[in-house]
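Pasting the structures in now, so scroll down.
Heads up, the next two complexes both have chain A, just with different partners, chain B and then chain C.
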Partner chain A sequence: MESVTRITYDARGLVEPDVTVPRVSEIEDGRATFDATELTTRQINAELRWLLYDQGLEDVTILNPRSRHSIATGILTRCRITIDGSLGYFGATMLDGPEVHIKGRVGWSSCQNMMSGVVVIDGNAGSLTAAALRGGDVVCRGRVGARTGIDQKGGTIIVCGDAGSMTGFMMQRGRQIILGDVGPGLGDSMYDGTIYVGGRVKSLGVDCVPGEWTDADTELIERKFRIYGLGDPPELQKFVCGKQLYNYDTLEPSERKLVL
Partner chain B sequence: MCGIAGIIYRDGMRPIGRDMTRMLQSMKHRGPDSTGFALYGPPQHEAWIMRVKLADANTPRDFDFAQRLTRDRREVERRVQAMGARLHETTNGHHPYALTLTFDYDGDLKPLADRVEDVSRDAEVLSLGRSLEIIKDLGDAETVSSDYHLGSFEGSHAIGHVRMATESDVDISGAHPYWAYPFSDVAVVHNGQLTNYFEWRRRLERSGHRFQSECDSEVIAVYLAEKMAEGRSLEDAMRDSLEELDGVFTYICVTEDALGMAKDELAAKPLVLYESDDLVALASEEIAIREIVDHEIDTYDPFEGEVMVWSR
Partner chain C sequence: MHEPEKIRSIDAESLSGHRFPYQEDIALVEDVDLVAATPGEDLNWLEDIELLQEEGTPAVFDRYSNSFLRIYFPIPGGRENEIARKVLIKHLQEGNSYGIQLKAKHCKFPQPELGPWVKGSEMVGTDYQRPVLEGWEPPAH
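Moving on to the complex of A and B:
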């Protein structure tokens, strides 16, 4: 008997190869809008991908996302996505290119692993927001949970409200601008990068130290505030890596001999 | 991973059984092992309500299983009456191993509950209070809810739990919520792990408490109830717990007239909160809150080390 293997999935990443695209969008003047109320998560993402990749549209609005998880993930093309409501976990993750505007809140682990693009969140965000961010800007107008930008490798995170504990944990590069208060352990074990804080800092994490303000800092802050219409920047404190964790002076005597 | 949820209505009785079922069903993906509810109905001024299980889904259905259940049920009734209680009613749920007893009783709750649990190896008092009823079993929220007819349960506040077993077996004893044996009307649901569980379990056991399960979450319930019995308020007891219990946890505790949440120092377990004039709803995911609120809402996540309490 002849056996035929058919690979039907879309290399750009349809989660479910056989999902039927609902095709419920209203398309007008190169813009599309669709109501997600009755759609499943997979159908919402399939519709979005169909509009962006198949129909070649660059402006899509999703209505009534109802806090569902994993919406608008892995979009690797330049486009504008407006989400008229709140997202659940993992919303707008793994992006490369899009400008996303979320007119509600996002749950845990949103905007992770972004390579480039912009995400603006009007409401609050859960913990682990913009973890492992490599490029682009994430702007949260509300407050964010714990461990914002954990393992950040580039890009900029701007938070207009307060941030939870261990903000900037293990940060490797990039910038964070937190306008409100931050919880304990700010910048714990950061390797590099810069964190600006407008409010109070509950405590600094291991090897996070105040940094020296330069003209480049002023220019960066002013530029970002202008782009996102955040008004005049408040007075900010700057924190950087103390680079003490780079040293090997806490080794065992036998190890020390090897290094020296 | 587990999912927890809580609701408290500030303006009287609502169909909390239906609401909690919807909330928990929407979080089924967080834990498919078992589902549990702690529901607070209208406070009874006279009667106590006791929920008891005599076996569970894992108990071998050997040849005399049915007779043993009947015998155990009679024995539970006999012992309750022998302790001086005036039994009003005993009802079976969908499962013959689940009993609900209502009775008048003036004595100490601990010896009564101890006597009932001593009926057989599998017997366990799930809840005992003036308004608290704990219902838990294997399966998802809709299954448990329909088996125990929770859709029509009216009350003021409730908590619920969908469980992914990490710390103990998949059985009813390991399912949440936990009643703070032997304190009336105190129950807890928990998402996380306690790392100093054995230390606290031994400490509480030395002061006379017994534990039905091997699950770390049961410690939280008994810990809080003991603190409250010593005169601490619910809120103060919960603040103490942040100092004394170690691990990653977010938990919700309920008493006869209040509901509170506490989150550990690392904020390592999620909780989303929604508050309006007549309702406070909290859950591991916002998707659960949206099941019971039909309009656009603003929610936020509590920060590390936070304790919040709301009254009915």
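Moving on to the complex of A and C:
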């Protein structure tokens, strides 16, 4: 029997020449909903931008995203976006302002490079979640893959499940709260920032050391747990940079700005 | 041979060519609502914004232009980070960040000029034209 594998749509949206906005949304009481089943990646993002930028709506729901890649990227305004399903890679990335709720799973590099906003993921997330995060909150109620928060420069990452290897790799600022177990190399080569872990740590990375708990840590944890309805916080271990890899007494201005 | 001046610490004043009133008067930033100005239910990304120093002057760092915004008025004790955040938000909401000022000319896709900081901001980048090198012709094939 002949096996036929046929790709019926361009998942990445790279060869979709039609930039016409589909205008298929149902708009009611200032809220919009549209079904993405028959839309291409480019059409989904065009519809989303049309609703938020041209129509001035602040609450949009996307139904049946079908795990497409690069959905809800580069949105630079205050709004609420609900993804009723799962996304592929680079979902909800390069955001500045939106509050996004993903009611499924996400692939790798979700929420990367976010400047401000909130993303809540109900399922699991792939590797490189919230890579280079600059600000805002990323909450994953499931598990995350390797290198979560790599090169993180700000913001808060909260993971309710386990995290993979090299979590917090090259972290420069910000906070991570991992409630489950963490794989090997936690906080490897981190420059600054704080990582809280509720479960077991397979091994610490280079220059990642236990930190001293303060009242500010308690305030942060209790506040984030209250906001995201995570119940009572468990006992957490705190990890910070040991600063043994610091080679300069003072940073050059350009280097200093890289970590701010 | 003329050696151009080397600027080692590029700040908001150098980029825009002048100071802004809220750098010198605390009264102009006191009414900034930090929680309302940021997405989410708490300070969110502003948690990472702290009062720093640039060449001995109190300053707040503006990520949108990669520059320091100096603060010249006396800052009440215990309110250092709050005041730094309020000055930064005022700077962004008034569209004075150099990164925002560059948008109208250089951004390549439609977006609200003042981003998430001001509701109903004007759209920019709607008519971006790719620059073409004078005298250049595309190859025939």
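In the analysis below, the second predicted complex is superposed on the first by the 228 of 260 C-alpha atoms of A that agree within 3 Å, B and C clash if a C-alpha of one lies under 4 Å from a C-alpha of the other, contacts with A are read in each partner's own complex, and residues count from 1 in each chain.
Everything that follows uses one rule, which is that a residue touches a chain if its C-beta (ideal position, glycine included) is under 8 Å from a C-beta of that chain, and two chains touch if they have at least 3 such contacts.
None of these values were measured; they are calculated from a predicted model.
J.: Touching A:Thr129, do we find chain B (first), chain C (second), both, or neither?
T.: In the superposition, A:Thr129 touches no partner, neither chain B nor chain C.
J.: Could you say whether A:Gly74 touches chain B, chain C, both of them, or neither, answering first, second, both or neither?
T.: Touch status of A:Gly74: second partner only.
J.: Using the superposition on chain A described above, determine whether A:Ser110 touches chain B (first), chain C (second), both, or neither.
T.: The answer is neither, since A:Ser110 touches no partner chain.
J.: Given the touch rule stated above, what does A:Ser25 touch, chain B (first), chain C (second), both, or neither?
T.: Neither partner.
J.: Between chain B (first) and chain C (second), which, if any, makes contact with A:Gln43: first, second, both or neither?
T.: So A:Gln43 meets neither chain B nor chain C here.
J.: In the overlaid three-chain picture, which partner chain does A:Thr167 touch, first (chain B) or second (chain C), both, or neither?
T.: In the superposition, A:Thr167 touches no partner, neither chain B nor chain C.
J.: Just checking: does A:Thr93 make contact with chain B only, chain C only, both, or neither of them? Give me first, second, both or neither.
T.: In the superposition, A:Thr93 contacts neither chain B nor chain C.
J.: Once the structures are superposed on A, label A:Gln176 by its partner contacts, choosing first (chain B), second (chain C), both or neither.
T.: It touches nothing on chain B or chain C.
J.: Could you tell me if A:Arg66 is touching chain B, chain C, both of them or neither one (first, second, both, neither)?
T.: First partner only, chain B.
J.: Common interface residues of chain A with chain B and chain C?
T.: On chain A, no residue contacts both chain B in one structure and chain C in the other.
J.: Given the complex with chain B, which residues does chain A contribute to the contact?
T.: On the chain A side, the touching residues are 66-69, 85-86, 88-89, 104-105, 107-108, 123-124, 126-127, 142-143, 145-147, 162, 164-166, 183-184.
J.: Name, in rising order, each residue of chain B that touches chain A in their complex.
T.: So the residues of chain B in touch with chain A come to 265-268, 270, 272, 285-287, 289-290, 296-301, 303-304.
J.: What does chain A use to touch chain C in their complex?
T.: 49, 53, 56, 74, 76-78, 96-99, 115-118, 134-137, 154-156, 173-174, 223-224, 227, 253, 257, 260
J.: Which residues of chain C touch chain A in the complex?
T.: Of all residues in chain C, those touching chain A are 8-10, 38-42, 44-48, 52, 61, 63, 66, 109-112, 115-116, 119-121, 123.
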